[in-house]
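Same chain, two partners: subunit A is paired with subunit B first, then with subunit C.
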Partner chain A sequence: MEKSAWFVWPFMLGFMFALAVLLLRYLWWLRSLLRRPSSRLLSRMFSKHSLLAVREIFSEGLLHLRIYKRNRRLGFMHMSLALGWFMMIVGGKFETWFHSGQFLHGTWYAVFFRYFEPQTVGGWAGTFWLHYMDFGLLLVLTGLALAIVKRIRKKVLGIHSTTRHTLVNRVALTFLWMIFPLRLVAEALTFGQHGGGGFLTGALGRCCFTSGTLAGLELPFWWAYSLSLGAFFVVLPFSRYLHIPTEMVLILLRHWGLQAAEDLQPEKALQAFEIHACSSCGLCLDVCPAIKDHPFQSAYFLRALRSGKGWESLASTCLSCGACEEACPINLGLEKLRMAARGKIHEKHHAVYSYLPTVGPVETSKVDVLLFTGCMGRLKPATTKALKDLFEEAGLSWVHLDEQESICCGRPLALAGRASEASALREHNRSLIKGQQARMLVTTCPICLKQFRDDYRLELPVYHHSEVLWSCLSSGSLKREKGTACFSYHDPCELGRKSTCYQAPRELLQSCGTLLSLEREQADALCCGNSLGSLSLSLSERQALTSRTLKVLEVPGAQSIVTSCPLCQHNLARQSSLPVKDLAEVLAVTGLPEQQGQRKAALAAVQEL
Partner chain B sequence: MPKPDFGFSFAPNRALELSVPLLPEVQAVLEAEPSIRACMACGQCAAVCTAGVFTPLAFYRLVLQLWAGEVEVVGQRAQHCMLCGKCQMTCPRGVNIRNALLLMAALLPPKP
Partner chain C sequence: MRSSEYINKDEVAIIGGGPAGMQTALVLSARGFSVRIYEQKEQLGGHLKGWHHLFPHGVAASDLLGALKEQVLARAIPLHLGQTVDHLQKVGEGWELWQGETVVGRAGVVVLANGFALFDARRKEEYGYGLYPSVLTSADLEAVFRKERPWPFGPDCAAPQIGFVHCVGSRDLKCGSPHCSKLCCVTAVKQAMAVKAFFPEAQVYCFYMDLRMHGLEYEELYRKAQVDYGVRFIRGRLSEAAPGQGKRLHVKAEDTLQGRPLHLQLDMLVLMSGMVPTFVLEQQERAVFFKEPVFGSGFVPVQGFLAAGSVVQQKGLFASGACKGPATLPEVFADAAAVACEVEQYLKSLKAVAHA
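This part shows the complex of A and B:
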């Protein structure tokens, strides 16, 4: 190599260093798998799953389609950065192959190709590669411009919060931002001095850099380009940019059937890849109901896990509302990770449930519904009463499983990371169900619903009461007239995002009144603020969340707020200026005008006293 | 000297010894969940507790026992909690009772 070409060394050294560190880290994370590869993994490796993974890598790692669907401008920014760079890497390979007739070269040759071969010839194909490479560069520079705008005025890109970065990330970001403008100038200088070039670099060279006095600048700019590339690669494995290669491996491993562990192992197997695949894109920030109060959002939680410091309080304060998991473009299992972290914090916790009453063999005649109202339902008997009235009206027979003493379903323990302790509770509730002959299990609490559906493995289907009431209404066994009442509906996190039940409650309310549309609803709904998901959020912070949620719900025209979770109902009612009711209560009341009259009379009587 | 008659008496072993510093493990629990200090022993948490129907678990009592340094009893009773959250839903002082109970239950090593 000539002396003048020594400028490639900073890049080469940085690149080799990054490769070596990445390889070591990945091998370390995969150590248990390498020792005992599962047969499932091996069989999936050579199957269509690998092709599906490649497709996902293309659509998410390069095109960033999921981000694009949420926010076009932001999606375009990510896409242009990734796709542009990818185009240049692939194009560089083909271009050098095309020009030299050789496929294999030193990595540096393609990266600094223009310096070595400014006067490339080769007819239309040579011209094609010149313009193609310029197009890639233009794409990256557009993305870069958007990224700079995002840092200065985030609203332009349609976001309110961006991730606050640590020092190493800011250093990496600076080098990354320097790379492409430097490449543009270096290439333009070369073309200006020697002629040629595509529509961008060539034109820039012809208009600004033809003067012979600038010839001395050519080499320094190639040095600067190489230095910034090298420096970026040196910090890459220790910054958030580690996500670029890690996300691709994660997608592969997922398609090969690997699943994240239940316990916290931030440096092992799939969990390690999940934690390091987070790009700090910040999509989880704006959706978080607590973004104004507490920096525990997933981007920060994952960063704390990566550094091993301070993740404990972030894990236990979060409300587990599921909004970030819904928004995350790489589908990270954020709730599972948080539960694993909580399990680690409370690993010394131990429960003793030997006191639970034993349930004898149950012998009953066949009924339609097994009703489970759960712990929260116990504190809200009005909802249970209303639901039983509605069952009666619809001609459904029922057995109320936990009428006497309600034993918790186990999900609150799971949300605290102690799922392993919940088996005794689940056993107890299972024995209540065993032997019963029924068509379905119905719960009034979305938390129970989720637990029964996901972890009980029952032989009968499990429904939320809103789903059953909606089917009664559509089959005609329950009839309602559309009244004049105006409702706003609060989607409970556990029913909406966690159980994707949005339709039934809405249909029910529309059948007996008018349902108002809200600024944030369905998957974007805010948490009521009193979730069982948070272990340590303080009262004042919870109240602040509740008032923000109420601001969304108390739209002009709303006469009452309706929800379908006893916990949400109770919590919202504490701070709301409007009455807050459960769906079952609304439906029961609208059906019985005479009962409404009675209530009014009773109220009037009280007021007279 | 004859004992003065205040019209009430208290058992010496229940008295809070303010001159004695709190046990380190008690301090750790209070630091990890500071809202425990807000408890005013109103008893609502115990009134709704299902575990309390079958066992001597009553959260407000555990708080008093924690202050008194009776970590063994506290740990034992806290282990009966199902973390259902009924208590927290009724607490007028916003104590994070579930987190407190998780921490309290860990005061006692699990029986093999």
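This part shows the complex of A and C:
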């Protein structure tokens, strides 16, 4: 068929431009790796890891299963857009191959195939490809319709917040939204004029576009289709749509064992891929406890990092509660990135701590438990006391490492991005702990727990007191009977999402009373508002967050709120109308039924005297 | 519909039989109005009945209370003791006083004199109140002076080390009490001197943020405490109290004037608990409920700016004394007289309308 093919040029130019820019950017990001490829990376490249990566690219880049699991409608939107487009690309290749018997063609040939070959022949197989391609197009158009609905009425898609876009992203979005409707009309016009087509384009052509007067519109629509494709490709490398190819490369690199750097390098190695792989899907928005007050959520933080402007305040206001990292379908290492950013902010500050007295080692003896209650534990002496009583009851011996003097575990400094100071503190604590002969280190502070577990490389195991108490209960060294008390339990961010400890506290509470279920709990729990993670949130903003969290906790029937972090407890107790207790306190007062009896008898005897 | 006929428009009901309630009642009664006092406890006196002696001159609290009670008795002011009013219902121009499901009184005018509550020091757990027996509140110490409870250290301790912590639950945004309780500074000075009088060998420290000696002769008292009694004033907030050697407390603070951390072993720690509201008013249509305060609740709001007693948005409802915010006894008495005047004006204005 002899037809003018000039109109394919806008697409071709745009496509080649995008390809060239992408290639250059990726090579630039990978520059250090290309210079010195690690042997580990090379060995992983040619192993099952690459196959696993392909599987993940398929399930996440195309099917978007993680988004689907969190929100079906939103997942379906992403899936239909990506899968539909992917189907069309693959289908186009096969169809042209099938039709021409030749595998290699110019890229444009498959994209504009219908224009050149409207009446595909080839029996049932040709018909199959026609319908298959129409199905792909229908899928994309469905996704598109949902995307438009999402912009207008986000509730329909089960979300409360969508990301607000910058100009370049809005331009890219407009071109993207134009591409597929234009293709539909262009194909329908061609089929209307020349016959043929699948169940969608063919049918549309037959019912609307057979009139000869419309013949003049055919070529302009193909031009428009090509132009919008080309324009989209030109803006792609500078818009959020860069995430489409970047996510795929990121998945590969991760499977090949690459890890994000500790310091901020937004244009280098894995970090660059992470920052640019965010699709602005917005899943991190709804889960954020501060969404009503602040636009610092990860989607915006990453965007600020991409543009290089304004990321500082976004990095330091966030509560580091971990909810967005939990929700992110691409599993971006958001907290690590934020800490890297904070480190960069504080790069030039040099604090001197030499004036602080150093803490000498505590007496050593062979004990079961080395107890560390941390600075926050000092705010809650009742918890420490209760825990010691429980240890006594369970027959565990202990040494309280920071009973008189204390030094911080280092996590607050780490959260503030002061990595080197934090590591100096850790070094000191490590030597103190090494001098002890205990079977395990137990802490009442989940903030310390995380620090000890992740960054100390200790020889002895580290537990949160809830875990130890639960094991005492299961082994029978502690016994409790179910009472009538009704609790609602607050999951501390650092114990829940950050250390995935959800079960032990719940088992403990269920052993002595009834645990009520909440609207948001476990991985979805809200932050208490007082997280050490935020460096710049004001008191009134924190208090607003706290009262929101308390609304979730103050369910009908709850007699007390229980938590397992001294900081959460301290913070919730100030604003709560219900008493707020630590797990250890609850367990200590419940006591053994017969012991309670004994106590009563003793009291009665005293009163008689 | 109940008619307002059965309410005696001239009668004034006073809720609270503390210094403010008694004094308001006395002034009104002297000016010829019929008043009644509703008090939730079995005795009159409010917080005053728990105090030992009063700043700045050391008058015995029981003397002052005795004199007040005597006058109330002499004027035969009807007393409704043991009655906790929990809400008011508007009927016509007047009010019904309710306790739960029953009406306990009716009056044309109601004066709130419910006073204040002490900040629950257990909320500052780091100071160990309720956890360690040697941590007391200022009110507990008054009870010790009154011999209603023992000293927290044994008789063998002749030179006890004693600390006073200012601003516990006051000037503390995080606790939802941003206000200064304004009389705990001078109370600490008064109590520190009293402790030194009991135990001349004692070492007494006051940990303060800044000292607010606003009243007549308070500053002089503060000077006396330093010069004559050797009380040591340390500017800095206490960070925590922990178990120390033996039965002692280990206390950590920072001396912000000298810029160095302090560690002390104490035999007794006294927390100057702040004054907080006893209730919040929940104003509904033609009813006022007295509700448990929540985080950040304020005192009873009154109209106008200076020395006003008329409760915001409610005609015929007044407030007197410390229920409007921290006040010393001289202030409470002055305020009571002013509120009584306002009540008189109000009743007269009603009469004028009725005549016209």
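Everything that follows uses one rule, which is that the second predicted complex is superposed on the first by the 572 of 609 C-alpha atoms of A that agree within 3 Å, B and C clash if a C-alpha of one lies under 4 Å from a C-alpha of the other, contacts with A are read in each partner's own complex, and residues count from 1 in each chain.
To be clear about the criterion, a contact is a pair of C-beta atoms (placed from the backbone, for glycine too) under 8 Å apart; a residue touches a chain by one contact, two chains touch by 3 or more.
Fair warning: this is a prediction, and the values are worked out from it, not measured in the lab.
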Partner chain(s) touched by A:349 [first = subunit B, second = subunit C, both, neither]: first
Contacts of A:575 with subunit B and subunit C, given as first, second, both or neither: second
First, second, both or neither for A:21, with subunit B first and subunit C second: neither
Most subunit A residues touched (candidates subunit B, subunit C): B
First, second, both or neither for A:535, with subunit B first and subunit C second: first
Which superposed partner A:567 touches (first subunit B, second subunit C, both, neither): first
Which superposed partner A:407 touches (first subunit B, second subunit C, both, neither): first
Touching partner for A:382 - first (subunit B), second (subunit C), both, neither: second
Common interface residues of subunit A - those touching subunit B in one complex and subunit C in the other: 378-379, 539, 570
Residues of subunit B touching subunit A in the complex: 33, 35, 38, 48, 50-51, 53-55, 79-86, 89-90, 93-94, 96, 98-99, 102-103, 105-106, 108-110
Parts of subunit A lying in touch with subunit C, wherever the complex brings them together: 378-382, 385, 403-404, 539, 547, 570, 573-577
Subunit A - residues contacting subunit B, complex: 316, 346, 348-353, 355-357, 375-376, 378-379, 405-408, 412-413, 416, 418, 425, 530, 532, 535-540, 542, 567, 570-571
For the subunit C and subunit A complex, residues of the former touching the latter: 123, 125-126, 128, 131, 173-176, 239-242, 250, 292, 294-296
